[in-house]
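After this come two complexes, each holding subunit A, first together with subunit B and then together with subunit C.
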Partner chain A sequence: MSRNLTQQPAPATRLKRLFSNQRTVALLALVFLFVFFCLAGNNFATYTTFVSILDSSYYIGFLAIGTTFIIITGGIDLSSGTVMVCCALISGTLIKMGYPVWPSLALCIVLGGVFGSLNGFMVAVMGLPAFIATLGTMMISRGLGSIITATASVTFPQRRTPEGAFRNIFKILSADTPTGGYPTGFILFIILAIIFGIILGKTRPGRYIMSLGSNKEATRLSGIDTVRWEMLAYIIGGLFAGLAGLSYAATYSTVLPGTGNGFELDAIAGTVIGGTSLSGGLGSISGTIIGVFIMSVLKTGLPFVGLQPHYQLLFTGIVLVIAVFVDVLNRRRQRT
Partner chain B sequence: MSDSILVMRDIDKAFAGVPALRKACLDLRAGEVHALMGENGAGKSTLMKILTGIYYRDAGTIILGGQPVVFLNPREAQDAGIVIVHQELNLMPHLSVAQNIYIGRERMRGKIIDDRQMILDARKLFQHLNIDINPASTMSDLTVGRQQMCEIAKAISTDARIIVFDEPTAALTESEVNELFKIIGELRRKDIGIIYISHRMDEIKRITDRVTVMRDGEYVGTVDSASSSKDDIVKMMVGRVVYEEPKTKSSVPPDAPVVLRVEGLKAGRMVKDVSFSLHRGEILGVAGLMGAGRTEMARAIFGADRRDAGTIYVNNQKVNIRSPKDAVAAGISYLSEDRKRYGVMVEMDVTENTTLPTLSNFQTGIFINNAKERASVREYISRLSIKTPSERQQVRKLSGGNQQKIVIAKWLIRDSQILIFDEPTRGIDVGAKAEIYELMNRLVRQGKSIVMISSELSEILRMSDRILVMCEGRKTAEISIDVANQEDIMHAAMLRE
Partner chain C sequence: MKKTTALLLATLVAALVGLAPVLSAAQYHIEVVSKGFQHDFWKQVNLGCVAAGKDLDASVNFVGPASESNISEQIEQLSNAINKRPDAICFAALDREASLDLIFQAGAGKIPVVTFDSDVGGDTGGAVRAFVATDNQDAGAAAAKQMYEAVKGKVASATSAAPVHIGVLSQDTTSQSVGDRTVGFIKQIVELCGAATTSVEGHVKFEKVIASAKVVIDVGIPAETIDAAANTIAQTLFNKPNLLGIYGSNEFAAKAIVNVNETLNILGPGKTVGIGFDSGSVQVQAVKDKTLYGAITQNPFQIGYLSVKTAIQAIKGEKVSNIAVPFFFYTAENMNQPEISSCLYE
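Moving on, here comes the complex of A and B:
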């Protein structure tokens, strides 16, 4: 059989192989949904709607980039949603107490990194199952956010004030801009996605993270410090949760303690729809972007065809199951 | 042939247009042990998967007990009395032996499972087969060999007429192998037809009646085991003669420097006291029975497991190895005995697998230079004659021998001077085996040094310049190849305290 392997596959099988790639299927689904809403929706194809799609994608997008790294190691992060809110709450509380704005905002991202290191330490060094370790961190961060704010909501500086300038990182909105403003947060998201896509695909840390997700023991026996690289994946996840917290604060102004639960699941869903395998070793940032966009197109588009936004959940669920089923079918075929 | 219980004739099977079987044939008689042999990728497993209903054939006929049959799924094959005992056992480790045997066919009392009845039935079954296992014990408490016997008992309890054994002895100790052969003898007396897949030549001669050989998906021929020599069968398998002559003289000059010295190594329960030294250009064979602590010793030297005591010197420098990373930095590499679990990343491609320990050599700035990486891997693909369509092929799709070569290539690119090969030819077909031997000889000629752990005595005698024998975690003998013989090695391997 090995001799026959050298034959090139026929064009038909190559086409078939392309369609069996989950990322391709997700991309087709995204294009289909988009075209569908453009044709069927009333006034869907407008600048304001597109901006609204982009706006609703980036903070889940930030979470999802980090989550992709973690899922590729074969782990999971249940804490990113609450860590995101906890970081925003702490940072906002400091601003309210009169600490300088910019360092407090930077601290938001750093704190995310700290939570990420905690997750990484528990998983890579202590050897806890990722599900349990990050479930713990989810509860810790949610509790901590409530304790620090004494369960009071935190409001960030308004856009008009000089302290509110940071909001321009995520959106430029003024009398001169078109309705909806310029979605700078989306641009930041794409830039970071490209950078981290390159880190994952083209640099040593990325290769090691892929490799340990595929076979951790074989990677360790190749002389790779798997503990260090597995931790790195969780730290990246945490930093992105912190950044997501910042963007969340910039978009919604008021952050409530005790919230954040559920965002991590959106991030996981986006990652998985995009073709990242929950068993590790397989995945891509580009796939994750597609997955995240499928969710935000659904969320923004459904009202245009007369359905309430909460239908998004129902449809995302269906897309998630179908996308993963394609992957399962594909693997089953490979094995036989 | 009138007494055939199974005839498979002109079976074709292709995967995505690539033929895996072309006019494959097999003829099995009642009460016969029929060996099915061939290199990896020859089509043995595909043929067996068609027989047991896992795959559906493209063409050809299967005649079972005189009737043409069609199996659409494994269940139908089972119902027709065909069962397979896989190399990897399919058992539920937390259930009891009896529960495992009767899974899916539980003995019931009304709507309640009758565990007591199942234990009684299992006990009867074991008596019948002369197996001494308590049916009430938990499966995970048994050794691999005993678990396999449970699997065989399970096969028989379904009134099987044909049992396929897929490399049953790969994980068994010597005494377990003997027990297995006794059971196979019982089965033969009950007129059950047995198809026996194995790479071990001595077993073929010992227990089989006839041998069918396959090569490249085709039927080569069927011969009587008794009247054909080992060389005849191997020749049929590879189409060329492979000589397995023992080495008689060490090829290491007496003044060769010591590159690795291990003193008083202790690790866990399995390694109690091992000291040895390895010379430049030497192959040090490590012999012993299963459970002698050889793999554990290798893992402790390589830093994969914790070392409780002992000192390691590389080139007369004391080194402190606390992780595989330290070992690799000291120029030691380790080829694991369990390739799938510890050797390769099956989802990743040939290049990614091969350059893992040396990735920093293939960087331009902070980026991995894919072109440079692939060029180097291509060079090793041709140097080790690895059969792969390209350096970007997923490793999952390669045969065991080629996967093994990729693991070797990984360490050759790293230019490790000390190579620990743990069962380097396990599960590898005869042709690839010879290539790996040739490769090892070439490496030591280039001045590298090899510690070779092997459970095959013929391999030890053929490759080693010196032999270290272990038993129960201790070194029990060190024999120079000039005077080594099988008897002495076996004696030392069983030298318990």
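Moving on, here comes the complex of A and C:
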């Protein structure tokens, strides 16, 4: 997103460019939706509704941050949703078997990293197409989750038990807190988004990952170890899938084997709505966050204006197509 | 010109503000969070809820997730329902524990909750006032008694060298209602066939393996709630040797059994005994043409009606308690009797 901003353009051009920027359009869409639901929805503008929006954003948000790194390399990750569920299932099963809670939860993130390394190895070292490699991992992780749990659902320790303390990472809720609780997960989410936004936009590894997606061959010929940085992108994706698993478990308590399919597509949709180009080389974490919140504001807001949440899919689809079309138009204009 | 614009704007704002109360002119507003619209069962529950709303001056908003595996979607719907600050909530839990935080929150917001079909388990801070459902263990046991009556001759002549099999197809191990019907059936069959010679196999949750059993109960649970997965499991159950009977503990499971039987043609009079649960066009037709020996039917309309009725009583501060809604065993012979046919739905 910051590629063309090296020389200062005239103010009018700058304004025009701002509006031709997909991220800006997405942000305006988010603000518009939010204001619309606040005005039109009965009881939408309440503290508890905002907490609900946040609750339903964490796991998709974490998945999408990881997915952004992968898509920017020009790759794709179809496995993030099922890896997320598989990690949560394994970690929850260990807790159920009596293993200590915190190490089991840490393992959830580590396992995500392992799946990420597997994806990275297949794509960067073995040279498999990312679509196929991560499709394989999607099936492997889904099968593994069902095998380890014998298809039974896994319920994480409840909030009002000592083992359930981990839920406070994402929300503090007790008799003393206001209704809806404190959405502590939002702090974690924003901190990680800022850190990884800086890594992607301002550091050398981030630039290498970006340039991989612009032109892999040129990047390799300029002496950059492409295998290493491509691996890194997938490992980051995996670690975030693991973290998403934790937030999912904390928010929804029960994780079902055989589920998770489709979450990766939500993450990809959020990433793309936020301005990350599917062909790689272009994108930002801040855009991704905006994309994710557009989806969750839609999902939470629609029932308040009397529509079933299934309409979220319909509207998200429309937003997705428009967002990508804006991107296509801009590229066409840049080329001519 | 300016005046016209201002007038138009004012009308628009007034319309927006005015719309909401007009839409909910009823005295009470009740949010119903069900398990979805996939099965006809829930459509009947929906009709019951709406009918009760009409009779008792309440507006009812009925929602449910796209699939019964979709716990997170249901939790988001429940959370939405609470945020809308209704007078009461009726809730059929996909998972016993996933919703506890939210139910607690409803209690803190003084919103009474009536659970139906599937209860929640654990500390809800007194938010749940009543539970309206079929006694599912009892209904499962009733199905088992019917099954045993139909196959007891062959059970008596079974030996441990050539044990007989009874298959159980259950949608999942998560939902309380389906779980109870499965457990109720298995317990009753084991009791009737003799605990010492009956082995329960196939799924860790129910397993009680006995080495030299004469009767083997095979429990099959699909990896997810999609028809293809259930058909695969039904197929493996049908492939057991000496299969005397097979039981599907809800509409989804019974449908899989009937569908797979179309190719295998194992069920029917004088052949393997199939018993289902609930209705739905496929299952009702199968009972009618005697592919299935019979099925248990709940009274979904009544479940919906009584849930909303109980919720309204709770709003008024009346004392409410759990309601066990009666069920029936229906066969090709009795399914046209009015009290039963009114519970069956296509």
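One rule holds for everything that comes next: the second predicted complex is superposed on the first by the 325 of 336 C-alpha atoms of A that agree within 3 Å, B and C clash if a C-alpha of one lies under 4 Å from a C-alpha of the other, contacts with A are read in each partner's own complex, and residues count from 1 in each chain.
Simple rule for what comes next: a residue touches a chain if its C-beta (ideal position, glycine included) is under 8 Å from a C-beta of that chain, and two chains touch if they have at least 3 such contacts.
Quick caveat: nothing in here was measured; it's all calculated off a predicted structure.
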Which partner does A:Val321 reach: the first (subunit B), the second (subunit C), both, or neither?
neither
First (subunit B), second (subunit C), both or neither touched by A:Asp225:
first
Is A:Ser153 contacted by the first partner subunit B, the second partner subunit C, both or neither?
second
If you stack the two complexes on chain A, which partner ends up touching A:Tyr252: first (subunit B), second (subunit C), both, or neither?
second
Quick check on the superposed pair: does A:Ile191 touch subunit B, subunit C, both, or neither? Answer first, second, both or neither.
neither
Looking at the overlay, does A:Arg207 come into contact with subunit B only (first), subunit C only (second), both, or neither?
first
Tell me the contact category for A:Val125 with respect to subunit B and subunit C: first, second, both or neither.
neither
Flag every residue of subunit B that touches subunit A in the complex, lowest number first.
15-20, 41, 43, 54-55, 216-217, 302, 304, 323-325, 327-329, 334, 336, 341-348, 352, 356-357, 359-360, 363, 366-368, 370, 387-389, 393, 396-399, 402, 410, 414
Please output the residues of subunit C touching subunit A within their complex, sorted ascending.
16, 20, 23, 63, 66, 69-73, 75-77, 79-85, 95-101, 104-105, 108-109, 122-123, 172-174, 203-205, 221-224, 229
Help me check something: in the complex, which residues belonging to subunit A touch subunit C?
39-40, 42-44, 46, 48-49, 52, 55-56, 146, 150-153, 155, 158-160, 171, 173, 175, 179-180, 248, 251-254, 256-259, 299-300, 303-304, 306, 308-310
Per the touch rule above, subunit A residues touching subunit B in the complex are 1-10, 13, 198, 202-204, 207-208, 210-211, 214-215, 217-225, 281-282, 334, 336
